[in-house]
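Both complexes shown next keep chain A, but they swap its partner, so chain B is in the first and chain C is in the second.
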Partner chain A sequence: MTSRRRFNAARLLAIVRKESFQIVRDPSNLLIAFVLPVVLLFLFAFAVSLDIDEVAVGVVVENQGAASAELGAAFAATRYFDTRFARDRRELEPLVVAGELRGLVVIPQDFDAALERGTPARLQVLTDGAAPNTAGFVANYARGVAEAWWSSQRAEAGVDEERGPSVRVEPRFWYNPELSSRAFIVPGAIAIVMTMIGTMLTALVVAREWERGTMEAIIASPIGIGEFLVGKLAPYFVLGLGATLACALTAEHVLGVPMRGSVFALLALGSAFLVPALGLGLLISAATKNQFVASQLALFSGFLPALLLSGFLFEIESMPLPLQWLTHVVAARYFVESLQTLFLTGDVWSEFARSIAALVAIGGVLFALAARNTRKRLE
Partner chain B sequence: MRFQRLVAQIRKEILSVLRDPRTRAVLIGPPLLQLFVFAFAATLEVENVSLAVLDLDGGKWSHELVQRVRATRMAGDVLVVESHDALAEAVDARRVLAAMAFQPDFSRRIEAGLPADVQIVLDGRRGNSAQIALGYLQSIVAELNADLAVLRGGRPPRTIAIDVRHWFNPNLEYLWFTVPSLVGILSMFSALIITALSIARERELGTFEQLLVSPASPLEIIAGKCIPAVVIGTVLGSVMLAAGIFLYRIPFTGSVLLLYAALVVFILSVVGVGLMISSISRTQQQAILGAFSAGVPLVLLSGFATPVENMPPVLQALAQADPLKHFLVIVQGSFLKALPPDVVLETLVPILLIAAVTLTAALFFVRGRLE
Partner chain C sequence: MHGEAAIVLDGVAKRFGTTWALSGISARIEPGRLTGIVGPDGAGKTTLMRLMGALLAPTEGRIEVAGRDTVRDAEEIHVLAGYMPQRFGLYEDLTVQENLDLHAKLRGLSAAERERAFAEVLAFTELGPFTGRLAGKLSGGMKQKLGLGCALLARPRVLLLDEPSVGVDPLSRRELWDIVRRLAAEGMTVVWSTSYLDEAERCDDVLLLDEGRIEFAGPPGELRERVAARSFLILDVDDRRRDVLRRALDLPGVRDGVIQGRAVRVVLAGADGGAADAARAAPLAPDGAALAAVDALARAEGGTMRQVAPRFEDAFIDLLGGGPGGRSPLAERMEPVRLDTEIAVSCRHLTKRFGTFTATDDVTFDVRTGEIFGLLGPNGAGKSTTFKMLCGLLRPTSGRAEVAGIDLARAGGDAKQRVGYMAQKFSLYGLLSVRQNLKFFAGIYGIAGALRRRRIDEMVETFELGRFLNSSPNELPLGFKQRLALACALMHRPAVLFLDEPTSGVDPITRREFWMHINGLVRKGVTVLVTTHFMDEAEYCDRVAMIHRARLIALARPDELKAAAASAENPAPTMEDAFIAMIESHAGVEERAA
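Take a look at the complex of A and B:
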């Protein structure tokens, strides 16, 4: 039995070969490793966008005054809104209920009169709160349009704001001056796609061995647990790194996301991320023996946390505290952050080192658990 | 179609899904996890973010502005840095979302009545949050300006008053959006995976031949595979519905009956997709990954993560063929908007059409396999 504990290059090579053949033989695997990531990347790049553009909004102008008409025109002119005008709000309210309009801007009956009297003129913004994110955007942008219109009005009228404002804000967006959401979503999406390949594919492959009973054949062979795990995973590791490169090339050359870091850093981060991704897949398949269960677990412990808890779309610091703690064990969190830095900022090794250390630590724990689980079944 | 044979088929299908205790656990556990964990993550609000301050001024007014920023919900930890390099390092390493830098003459210029600049550096890698944070900072500065104007004996600059009111969800509770949406997303994924596996499992295990020699007709076989998915999907959807109403106390203002009718039609439209995947998959692994490859785009195009209007026109057109997009309108509307029956029925039409197309296509696909 002592030989089972030792690493043997020939045995390792044999299992790597077997596994590689198995991958290449089933074309659906290659489809999943190379075509699916690119398709998903495109979907994320185009379908997931936080850039507000042409949101359908109704503008109700309740009086015939000149100022009301001008303000209405200001709403029509902005590219943020796709406006629809009416004189009576009852005309447009059903459209908000049906979800066809995201909100209403109401310029009330006495708007012009109030401006002339010099009392504060009121403007009403009603949003469809059923979609809270969009509602927030509509409120903010509507406010912005109205305020910009108002200050241009005052400038025209020659009302100089007593020497102008005292404090001026000089904002600067680093790394992504045009603030295109694609620039940060695409690097994040690479992490999501990699989670899918690393965790899902591994979980399914090993679960299938159990389900089909071929695991018994491996148990009967003289192979050791270490050799088995390494041999089983090496081809997937290579496949995963290949997919990372394919995704990065697509991001840079097709989707136009700048790539300011080095390929070496990309490979280092990719390799570090594959440790927990493959480890999780292995643990799932060792703990279940059934492909359906494995796929569901991979979905809920790998894919969804990567999508929701990684900071890819939703700000981690704004989540409830317990969820923030939870994000520390979500491997994708570190990968998303570092990929965004790699693409938009460049090589920041102080950050990468932290990420790589965290990824390897999480991966180590997952592998230890997976090895324990597998050994229990093997012996 | 013989009723008895159909019932036997359905029993067998349901048993094959629910027989294994781990499978049962996986059908029940993850949705609960989804409900109690992930539902809280989906917010685009910006709160408690870390900021950095480089105060080369150290005077009264820079201090005042920093205090006002600290007092907001948006600000979390405030990191005080001593140099531009340290500021750049903090932003580079993602320790802060935004940084404010004051020049040495900031307070002096304000006292002298001259315009003073505050430089705000924002992390474009977190572009969305950065933009929202900038909005907060700008409104704080605007308030300070108004106060300064008063202090100098002037009148505050005249403004127009903007009343914002959020209908249906006055406090913009994100859970009121995510939990109703999960009714659709969860029942979709479970129905999709259950049907995608149904035929693929039989083929992988070799029991497909037995099905072929059984007296069941193709239509019966398909119905036998559809109905369990509809039942399980509806039950899961109901659990989320109940959790939304009784646990999270989200107002439910629409018609339960119409919602269930829509849910069943919606699941049927998904079942058609699942059956097609199943009939072209040779293994369960292919079926699962196929279901996943269909499910993720359906969620992304539904407008759940980001609004459909933000997408390019081609994808917007494609989104019209996404049953989840239409179902989300119905389920969100039934919770919050007291969606009138005529609007529900109008929205149901595209789902019905999609269901008719996918089920007919599935019938052809499966029949092709059977013959």
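Take a look at the complex of A and C:
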């Protein structure tokens, strides 16, 4: 009785033990924690791959000059495009309309002349706007091909660097020279998986205690609600970090996406992200005692924002302004951003520190809300 | 009185949102006694238990448990009281031992104390051989004992058991009762909530709750004594018992009446024409005119009338103002129905397995046209599964089921037109109004136009649903919900009516009213199949099939079943006694050894 309000290690451990047994014994937990991450990772890395191989593209070479011909050849050489050549764009336009070609790259009449003059040479890319993703990538890859060709030209000619690139290139190409989107997808997938474990599982297991009537027995025992929740969350914290490591290992060894940063940084970011993820799960469990409602809430408040607003599938910069603002309260945004840095660049602690601070702040607010509401429910 | 009370309730009220679950509750619960919190579902029993367990704070008033205030000293109460929630509060994916470990550690028992407590609990619950089994794989009775064991680990001074007997077979229920009795005798204060009146009768004291208020507090015998000289049986009216009951209930001065086996039980009003009021100590003599009228009725039907010992339920109904009359406006309106077969429903070797679990195991019986046939058994015994196969909602794993010679699972709509089905929990559409529900159910049975209007009007009038027409069924009092569900099942005038737990959670008075309608329907030639876990309701049935752990263990008239269980020490056994006797002579022993 002297233990009121104080954490009692024996009670805490009893709950941790009980919860761990339950995690291991309930196949649905293992499914969410281990099978789902792997499936998601493969799904995102292969099926939802944002790379496109052998896209049918027309190349119109209006000029007979050497530069035009070489650039045309560069397009023919890349494995990303299945090219079809013409001298006049009118030959190919009907094919674009019919959907047989995904886009047209036009090397214009004055291309060689412009290069000789030393003024920026223009390249026109026409894409099929009906398939915006493909269109975007055709445009990006076309630029990439032109850029690669231009640098090789420069290198051969021994031209100094001052002239700068003739085509503006998307910054992400700098970090992703193989033009592979897989490297972006792995961090996103980890964020999704962590959201599932942190938010969805937490919300479900607390709701389950209510549904099965075990919560009543717990409340009627001398354990404090704080002890109970901490004891209940701890195993999921460990599970979440374990799943993160599993994802990173799968990424490196199976998907061939190297992690340039350290494991320590990965775990630090993972731990920071679990604060808001678990906090949200707790808040949901405070709001409903029903597993079905809990899973719906977790889907809408955790999973979907992590998928859509984290910058994982859609670039934040290209979202409407209000949505951009909204992303600032989406924990997954900071996590995805930092994980991308971690995987593609390495440890950049100045950036990580900012993300961790943001994650802990969002998590703190969620925990405070959850604590307030949970206490109210139990009276 | 008995000195210090274990629990003191002082002007307690509890509000959830805008509804008052409890109000004006003042009572003392004595130490060392077994106190029952008794009342129908929704009366506020669970709320009161949670208030006493310091799981909820009262909106008004205060509660003291062993001298501690439930709001201020909640944590101390959690230490000194054991609380077993409904459905026992066990982790089904933990083993018996792990559940015990968890609760022992939560209550801060030292390693030595744990050993002692485990040995003790495992001994009296007889769960010793099952410590490695997952709690979810235990039978209802074993779960209940484990739940009790968890609550008892720290030797609580007060033990709170919330509806411990729900979902448990009668044999286990009786064992639990014996354990709890012993604990009370050793000085523990035990509070047991229940909706079963026969359990209430065996408590030392009862708090009788109805609609959130205390209707009676004291020893059950005291309440029973109020009707001491006013309970009678009308005997030897065998086949006309339903008619006799109906006519008896319409006599002035008859407070209550039920079918009891082949006899009719009536409770007469007191000599001053009213109920015994709480202040009056001595029992009232029965109203003279009523006595004479019932006697005359009995004689006219060739029966005899005999005064019998009162039951708690007699007094309970009397206290609540008496049961309904004998008329069923429903039956009076309904035209007689005919079924041209002698056997209305039959099943042969009916078996249903879900994975490795057998819900119905080789069940065979026939239901004769025009009888009330009951499937009796505790929750989880397999009644509903059997039932659903009979009316074609579920395909049997093996064996066959027929209604009027047709297998409903294969038959088309025409055959189903002969059948009415009222599902457990009533299965009404909460998002539709009462009127829309009626229209919908008329519609799915192909009733349209003027006929639909007429039938709906008829049902609305019969069941007095008029003032609820535009509300959602969810907002209806339980009794009205039940009427609406019955109305929906009867709109197409079925010849066979399937009722799955129709009276579950309904208070005794509404249950009586419901049975008046059923009796009325049977008079019109309807065959009724009903499942129930209320042992006493079996009395309304012509024949009863007892289902225990998926098997049919007995099939006979209620009187025969009871007679078979009669012994020297128990000459007048109840249906429950009969059930237990059947289990014991049947598979009970073998199951428990497994």
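Everything that follows uses one rule, which is that the second predicted complex is superposed on the first by the 255 of 379 C-alpha atoms of A that agree within 3 Å, B and C clash if a C-alpha of one lies under 4 Å from a C-alpha of the other, contacts with A are read in each partner's own complex, and residues count from 1 in each chain.
The rule is simple: a contact is a pair of C-beta atoms (placed from the backbone, for glycine too) under 8 Å apart; a residue touches a chain by one contact, two chains touch by 3 or more.
Just so we're clear, the structure is a prediction, and the values are computed from it rather than from any experiment.
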Chain B versus chain C as contact partner of A:Ala14, first or second or both or neither: second
Which of chain B and chain C A:Pro222 touches, first, second, both or neither: second
Partner with the higher number of touched chain A residues, chain C or chain B: B
Partner chain(s) touched by A:Leu326 [first = chain B, second = chain C, both, neither]: first
Which of chain B and chain C A:Thr214 touches, first, second, both or neither: second
Contacts of A:Phe292 with chain B and chain C, given as first, second, both or neither: first
Chain B versus chain C as contact partner of A:Gln340, first or second or both or neither: first
On chain A, positions contacted by chain B and by chain C: 26
Sites on chain A touched by chain C in the complex: 1, 3-4, 8, 10-11, 13-15, 17-18, 21-22, 25-26, 212-214, 216-224, 378-379
Residue ranges of chain C touching chain A (in the complex, touch as defined): 50, 53-57, 75-76, 78-79, 81, 83-94, 98, 101-103, 105-108, 134, 147, 150-151
Contact set on chain B toward chain A in their complex: 20, 22-23, 26-27, 29-30, 33-34, 37-38, 40-50, 61, 65, 76, 89, 91-94, 97, 110, 113, 115-132, 134-135, 137-138, 141-142, 144-145, 148-149, 152, 154, 157-170, 172-174, 176-177, 189, 193, 197, 283-286, 288-289, 292-293, 296-297, 300-301, 305-307, 309-312, 315, 329, 332-333, 335-340, 343, 346-347
Complex interface listing, chain A residues touching chain B: 26, 28, 32, 36, 39-40, 43-44, 46-56, 82, 94, 96-99, 102, 118, 120-136, 139-140, 142-143, 146-147, 150, 154, 161-177, 179-181, 183-184, 196, 200-201, 204-205, 208, 211, 288, 290-293, 295-297, 299-300, 304-305, 308-309, 311, 313-315, 317-320, 323, 326, 337, 340-341, 344-345, 348, 350-351
